[in-house]
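Next come two complexes built around chain A: one with chain B, the other with chain C.
This part shows the complex of A and B:
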């Protein structure tokens, strides 16, 4: 499995460097930077530094800029992971290499692990740049509990990977990437607490946020970075993320197996 | 040995309908097909109306699951034990798919080799040997997007051999290739069977290719096997006509009449056409060999023979004959 993962990691890195030398990475960084700028301008020029009295209670902090900048950076990280993993098989289909991959006895686990590992390498770079730029615009990192934040970041990668399997199955089912992924990303941005705490949402919409791994991941990460809480203090969020991950993993693996067969059949039918 | 027994494949195809109320119909692509692949032999799968060949290959290579029937490869079930089967088979398709265009030829083979569990020095030496075999060693480190069609096809062959498969499926492998490259490829395929003991199943629209390479041919029509034999036996079994072409400098009325009588006596037919060189080409078609009586007749008329050749019925004639018969 690890050899397959390593080979897929190397292949993806080579293809990325040759196909999208910098534009792909810059595009992702810019999306995060725009969120940072949006938060900065909105806070200073729209709210004039005035926050709703409920914000501190709901967000656990009065530092809106750190809250929104971390939200933007983490959202960019989630989107990158989801996109990279979920699009892998449909990209093989479009480029005519899916059959060659399915012909081999390799485990799909290794294939996806290679995809996610390559993506993590890229995301670490993108995330670091966004956080550095965020620091220039008011992101406060002085209280950060570093190891807890890193642990949450790693666990979140796993959770987004599991969600990506379900998204990938849907993409194969509908033979579409743009509508499927963009619909999910817009919903995620709105219901997962990226720029405002989810209790601000209407009650009927809040359950949608609860089924997105981004919500507990972001909540835990903010607590570790902004409030400097240790990992044990965010155990409820981690448990929430673990339950969602397990559910997405089971549905995603089942869906992927089914959709692979369906896609191959539909090509020849 | 690869054994296909009573295999059937039914597809569920979407019919026109509204988005909410879709209708599905069943299409039987392969019906009760059985055959065997033996090491060192090339078998051809020819289709009338193009039905079922590719589906059969995809089932044998584990990409598709048969609706019923069994496929076993050296005792392993192709559905239940597909990972063992995948290690023993590979497929090469015509066209320019199944390769990563951004990667070099060497990187492609390295990736696919890794997916088959190969690694280290063994993988590197296998890649070098395959690149040498298909004549791509000099272009090994060039991205595939810069390869010509023929080079891509040769790399596909190397990819198809990366796991040293015992069973190889070739689906239209020379599709769109220039004649010299196609000829080279045919030579290579023959060598794989004869020298390396691979069992090969070939489908091709170029019937002369099947005739040249295959030890046995299966003819499939609308998903059913309708004939199976060696190419020679298939042509003989249908008693198709042999054509005898002779070119003579002049054609008198009496010779024309005698040629007609000869054709009728042998149960055949004759055609006469004037050539561009103002000579006459006489074609006699029949199920019996008319060479000796024709030569006697021409000698009796003191007619010189400028050219003479016999055209035996080909596998293409068999296919066309069967298509006509089944279409009738």
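This part shows the complex of A and C:
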């Protein structure tokens, strides 16, 4: 399995460096930076630093800039992970290599592991740059509980990977990446508490946020970074994330297997 | 003229067949813009928005939904054209661009025809949504019955000119998705879609004046929200007109350069 993972990792890195020079990487970084800029402008220039009285209670902090900047950075990280993993099979289909991938006796787990490892390298790079720029615009990292923040980050990668399997099967089902992925991303940005705490939303919309792994992941990450809480303190969010991951994993594995069969039947038959 | 109309009609039919082959197109027509608008509205929830809040320096809290609605309507007009220009790279990949440029068709007519058709196809649904929402939101102070068609006309013309300009820019680049990222979101931040540009620091104001959407939105909001008479808006109208004229001139020059460049390098087809 690890040989397959390593081979996929090396191949994907070569593809990223040679064929699509940085366009997705720069795109994700810029998307995060724009969220940072919007938060900064709104907070300083339009609202002169005055927050709603309920914000501190709902967000657990009065530091709006750190809240919104971490939201933007983490959202960019989630989008990047979801895109890189879910698009992998349909990209093979478009480039004509899917047949070769399906014909080899390599384990699909190894293939996806390689994909994840390669994209982790990318997202670490993207995330660090967004956080660095965020720090220039008012992100406060002084209280960060570093190890728990890293642990939450790693666990979130796992959760997004599971969600990406479901997204990937939907993409193969509809033979489309553009509409499927962007519909999910605009909904995620709306209901997961990226730029505002979810309790501001109407009650009937809040369950939609609860089925996105981004909501508990972002909540836990903010608590570790802004309030410096240890990993134990965010156990409820981690449990929430674990339950969602398991559900997405089961649906995603089933979906991928079904779609692979469907693709093979419709294309190569 | 007859040839131009025929060309325009052909482009419209082609674009229609290209984008309306499945029902999924309604996601980008209505669902995305509507969710983006609601997200933008809730992004202001963490801030204090009373009558004595700092926001009142620029607009009243009751006008916020209307401000955002007009902002997003303008943005969707322009965004449609960024998207259409980006899809121009597909013509390149598919090899149809070469065929178009070999034919004796008027290049500018092709560019603006393409912009017009994708604009009308792209905005009608969100436009209806906005009109309905405007009725429910309330707080509108149009300058007169003519203000609504004039606002629509201002958005339409400025978006088409912007679309033609972008399509030419995209002719120069093979990695068009990158240009898409660079041009799309800055427009959302700096053009006053979500935040009033008056509040920006000087350097951000300078960037915002590079986008024609900034001028168009100023006019549209003046017409629909402030009830300003036409005479008061004349300087802004003249400013927008001169910016658009400049853009058309730049488009013509760049189009000639792009065609010459493509003929020299032979890269009219993707690879």
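Brief remarks on what is shown
Simple rule for what comes next: the second predicted complex is superposed on the first by the 267 of 269 C-alpha atoms of A that agree within 3 Å, B and C clash if a C-alpha of one lies under 4 Å from a C-alpha of the other, contacts with A are read in each partner's own complex, and residues count from 1 in each chain.
Basically, a contact is a pair of C-beta atoms (placed from the backbone, for glycine too) under 8 Å apart; a residue touches a chain by one contact, two chains touch by 3 or more.
This structure is a prediction, so every number in the text was calculated from the model and none was measured.
Steric overlap between chain B and chain C is absent once the structures are superposed on chain A; the two fit side by side. By the touch criterion defined above, A:264 lies against chain B but remains apart from chain C after alignment on the C-alpha atoms of chain A. Counted by residues of chain A touched, the larger count belongs to C, out of chain B and chain C. Residue contacts after overlaying the shared chain place A:46 against chain C, while chain B stays out of touching range. After overlaying the two complexes on the shared chain, residue contacts for A:105 are found with chain B alone; chain C is out of touch.
Between the C-alpha centres of chain B and chain C, as seen from that of chain A in the superposed arrangement, lies an angle of 90 degrees, given as a multiple of 10.
Shared-chain residue A:14: touches chain B; no touch with chain C.
For the overlaid pair of complexes, the smallest distance between C-alpha atoms of chain B and those of chain C rounds to 8 Å. Contacts from chain A toward chain C in the complex involve residues 20-21, 23-24, 26-27, 30-31, 34, 37-38, 41-43, 45-48, 50-53, 55, 59, 64, 67-68, 174, 176, 179, 182-183, 186-187, 189-190, 195-197, 200-201.
Contact residues on chain B toward chain A in their complex (touch as defined above): 11-13, 27, 29, 54-55, 58, 61-65, 82-84, 86-87, 89-91, 93, 96-103, 107, 110-112, 114-117, 119, 143, 159, 163. Residues 24-25, 27-28, 31-32, 35-36, 38-39, 42-49, 53-55, 58, 175, 177-178, 180-182, 185-186, 188-189, 194-196, 199-201, 204 of chain C touch chain A in their complex.
Residues 3-4, 6-8, 10-11, 14-15, 18-19, 95-97, 99-106, 261, 264-265, 268-269 of chain A are the ones that touch chain B when the two sit in their complex.
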